[in-house]
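Input: structures, listed below.
Paired with chain B in one complex and with chain C in the other, chain A is shared by the two complexes that follow.
Right after this comes the complex of A and B.
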């Protein structure tokens, strides 16, 4: 997928984004792009502005400067649900599921933006609403099968272990059948085995559904293994951008991660 | 009567045409195939197999969990006069290589990517292997497809062949006879390499028919197919008896969903090894501890009623009117809802076998009205040697000889039998065949046992494991181990003592039960190892052992084998490390080699012992666990009755 450089191969592009909260500059003149079908990683030390970047793409924050191009069109001041409708789904660093609802119901909420029947039809639960529900359930069951979470289908999410909740959250994002999937630290707080499983799922999603993925991750091993290209942020600035190997050997990146000697 | 499985399939497709033959839960919904549909699926696949060059006498290895297509593979191979060879789904690549090579498999039918990967890993060493057929295509898109085939594509080419040569398959089926080899089942083997047990169509069909008649099984039964495909029990229950009676086998969605799937199906006929019943009882008890006080009191009050009269009601014995009324109320309030939770509402007949079952566990389920019975069987006998008839069920026996089976006890105390189910031979192992089966067809079971005065067989232990202590007193390790394993907090035990001064034990605690107890008692722990070394756990296990010692002291024959010293092992015994067989039986020789240091320490005065053990993780990597283990003494009791 790396060889695709034509501009119509670019799914999302951010140009000269600057974001500040009062006097604090979170992002400063950041530009990069995400190509169709790639796994794109955003890395950086704590406070580098990674999550802010995702929030900007997601429409949760509105940058003071810069442009966001998605699917060949420029985007103006959109709210998160409008962005979701465009085809961008995400997961959160600190899990944002409906804890009292079952895995199945949580996944079904991922389909809400796809539902066409209006609230009245859904209330009556007949005709189009019922047919639609069956369709959505079918899709959700495929995701349950894909993520191998059949055994927790009817379990309230709050009762599940952390690693499983992360998986359910990925499932909900998948249910939206987005063009671009944003994953905010999908492997944070997981043990080795859970991380390996999650990597497998991320790669499978990318290969099997052809979903473009942008992810933030701290675990460098994971990032270098599964991403096609990496962008590195530090204190709101872009340090480097390129293939995992290029980034790994970039002096500025090494300095930011390992520190610089002062003698 | 029809004498091969393919003919049985044709007959069932006529007789039970629209009745369900097999179900599978897929994408959250139970998908059903009727006998007619199943016949068509199997025939398509059989034709497809022949286009891949599979013919009479060839072996089809089948690897995976209980999926309809894998069961169809068994019958499809038999249609062509080929021999299916199921392989345990959890066997590691090396184990799989041995079976594929030894059985001379020419085609493998694998469930999914995981199994395909294992086959590919060992493929280079297996000469005759031509290709692999897979059921689930997930993740296999980028594999080299020159020798990989999708199951439905094979069926598709089968359909094309059927159009060109419509009577090809029926002619092939006509060629089969009852004395043809139907299947080769590899036994897990407590020692050495697994052995391939060769069974004919007659062996499996006649045994299935006899046992189905004994329990009046009909086409209306529902059963859950969740035990390993390669195990003879599953082959008889899910395949043999299903083809004989026309009943429906149900394949759960995955291993992890068995508990919820069994509720949805509500089987009428059920088989589970004792540990499944044990786990169920443990989980019921753990969950009851979390219930409200009213519920807890109701539960305990009515369970007392059930244990007083439940088994008598089940067996049709006379019971007082007041007890009957109480039991009926108990049934409304407790027993029926509880059975429903466990998925046992509709059970007519349930069997358990493989290991001894704890009397409390056995009585618990029977008092609820679940008709669990015990049977005694072997792969070499196509399962059935003895079984308990309705109304004659006891926790400590394995029942009377099954129909057409002769059982006798040799002078050495070993159980031997002869039956229509007796295997032909061990595949390519004449020596072992002669050691096990004599010219008159009597088979040595290797188990020591005797008939009690009710005419029921009682098994003590493996004949070769029954030994003597240095003092000359009888030592039956398994008997002691089973007694200890009946405590919920003990998962596995290895009893030692042959040719020694006294008996000793290595204990594995049950992480579920003990972990729950630890949480309740505010004992923090981070791992199995830490919990296993906790002084209070040692105290608990010590009191269990002393209770068993007290019981043993009352036994005139076995009072000598009370346990004097024990330790709790720092890791769980695991089949991946070779310590247990795939069916979770202890491998004594391997444990003696691996834990020699511990065993020496048990027979010294040491209070501590340092040990480091290599372990194999699920993905095949290796690591070591080490630690200092405490060794405790346990009290022994004076023999109450003098031997003699």
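Right after this comes the complex of A and C.
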């Protein structure tokens, strides 16, 4: 992991991003990058523009200004499903799962961009289509083992408790085997035990699968523990960018979080 | 068996057959509502338009003939040759796919993320537009549609049932229209195909995903717009089947678009989001209105079939607003 951080190998770079809704500025001239194989945190107070930033990367929002470079190529006005095909998966703060489907079906649907069999093959349902289905099932079962959710394989996810839903959502994002994983508050609303589990999963994904991760999180303890670099946003502007230690000791960051000191 | 019981059975059978016809229309509504949350008022007109187009291809009508003749003072009406059934049906399916694509391009695309009521209004506009277009393209006269499905009363069934009556009673056998039986068989086949498609194919999986959660579907890489074109195409084909059945039964006429209104109580009964619900709801309404007419009708002067379905739906709304198979409505406060 540390090697990846040292090498100057950039997976995603946003340059001078500005985003506004009507007269309200959500993001102002934001630039930062995400290196291959790192865990990158985006933090900031409520309303700082963190989720807007993820939505820009993910294609839900289109910035008025700025460039997004992914995997060495500039990206023009892409819609979310095209971004997904490019290799960016994500989870949401308020969980976006297919609530009527089982855990297994949710993960299988997460692999939809990996499925190739064409319509005619699907109809007769033999040969390549069948072989492909088996192959996808195998990958999905591996992820289920990895996240330790075997017991809820056949449960409709709408019936699962909150913490489990978050885990299934992570599983669905993993199923796409994407290059970059965006996690929007993966530990929000969890108890200590669930948080520890989620932390371990995030780190394991990063180490075992080599997936690059960008996450938004409010729990500073978690952020400082698991991330390689942290970018701090406040009121749509970039306040600081650096290692957890640098950020922790940055005066502007302390002011934003604790109120301005007068000394 | 006494003739009374046999008569009741006959009424129930005919109710089931009528119910299948309602289900066919309701099915188109459910498909679009599930995938996009749009109540497509134009579904009935789509059935009419599909039937008109099919007849047009069969009989070799020239589209927009009246318009062309009025503008250029010519007298074209017919190519002289029509297509055979199979080719005409394939061409009509292609027209319905083209229609689905145009709807997405020209209407839905611009109304994404609008309130459901706005999309509903758009489909009302679409319904009137299509009715006018159908008129302009193919003419307003009532047309007969025959794609070779047998019709008329079944003598075999009449003979069989006559022997069921108890000896000595005056009973002449049950009447059942062969066309209705065919309609029922085709409806069952249609539901089986749709179910297999949505359960076992990649596109079907994508359809289910979109029906469940738009945001999540986008995130896993499903294009909503492609799915909408597919869904409207499928709804167009279901409309074609409904149009063929209704058209063969009572001629292709513009009142066909009003059967859409009969689908509304069916949907309230079955639930707007359930394919089995559309089928069961249609059957209940079909049997219900026929039995009501048979038993209660004579006491109140008849013609109960016009309003029974709506009263039943109203009754349902009071006790089970989500319908028999719909998703339970839970409002968090």
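One rule holds for everything that comes next: the second predicted complex is superposed on the first by the 249 of 263 C-alpha atoms of A that agree within 3 Å, B and C clash if a C-alpha of one lies under 4 Å from a C-alpha of the other, contacts with A are read in each partner's own complex, and residues count from 1 in each chain.
By our rule, a contact is a pair of C-beta atoms (placed from the backbone, for glycine too) under 8 Å apart; a residue touches a chain by one contact, two chains touch by 3 or more.
All values derive from a computational prediction rather than experimental measurement.
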Combined model on chain A: chain C and chain B, fit or clash: fit
First, second, both or neither for A:101, with chain B first and chain C second: second
Touching partner for A:134 - first (chain B), second (chain C), both, neither: neither
Touched partner set for A:81, first chain B, second chain C, both or neither: second
Three-chain overlay, vertex chain A: chain B-chain C angle, C-alpha, nearest 10 degrees: 90
More chain A residues in contact - chain B or chain C: C
Partner chain(s) touched by A:172 [first = chain B, second = chain C, both, neither]: second
Which superposed partner A:24 touches (first chain B, second chain C, both, neither): neither
First, second, both or neither for A:142, with chain B first and chain C second: first
Nearest-approach distance, in Å, of chain C Cα atoms to those of chain B in the combined model: 16
Chain B-facing residues of chain A, complex: 137-138, 141-142, 144-146, 148, 150-151, 153-154, 193, 196, 204, 207-208
For the chain B and chain A complex, residues of the former touching the latter: 26-29, 138-139, 141-142, 253-254, 256-257, 260, 618-619
Footprint of chain A on chain C - complex, ascending: 200-203, 205-206, 208-209, 212-213, 215-224, 327
Touch list for chain A against partner chain C, complex: 58, 60, 79-82, 84-85, 89-90, 92, 96-101, 105, 108-110, 112-113, 115, 117, 119, 122-123, 125, 172-173, 176
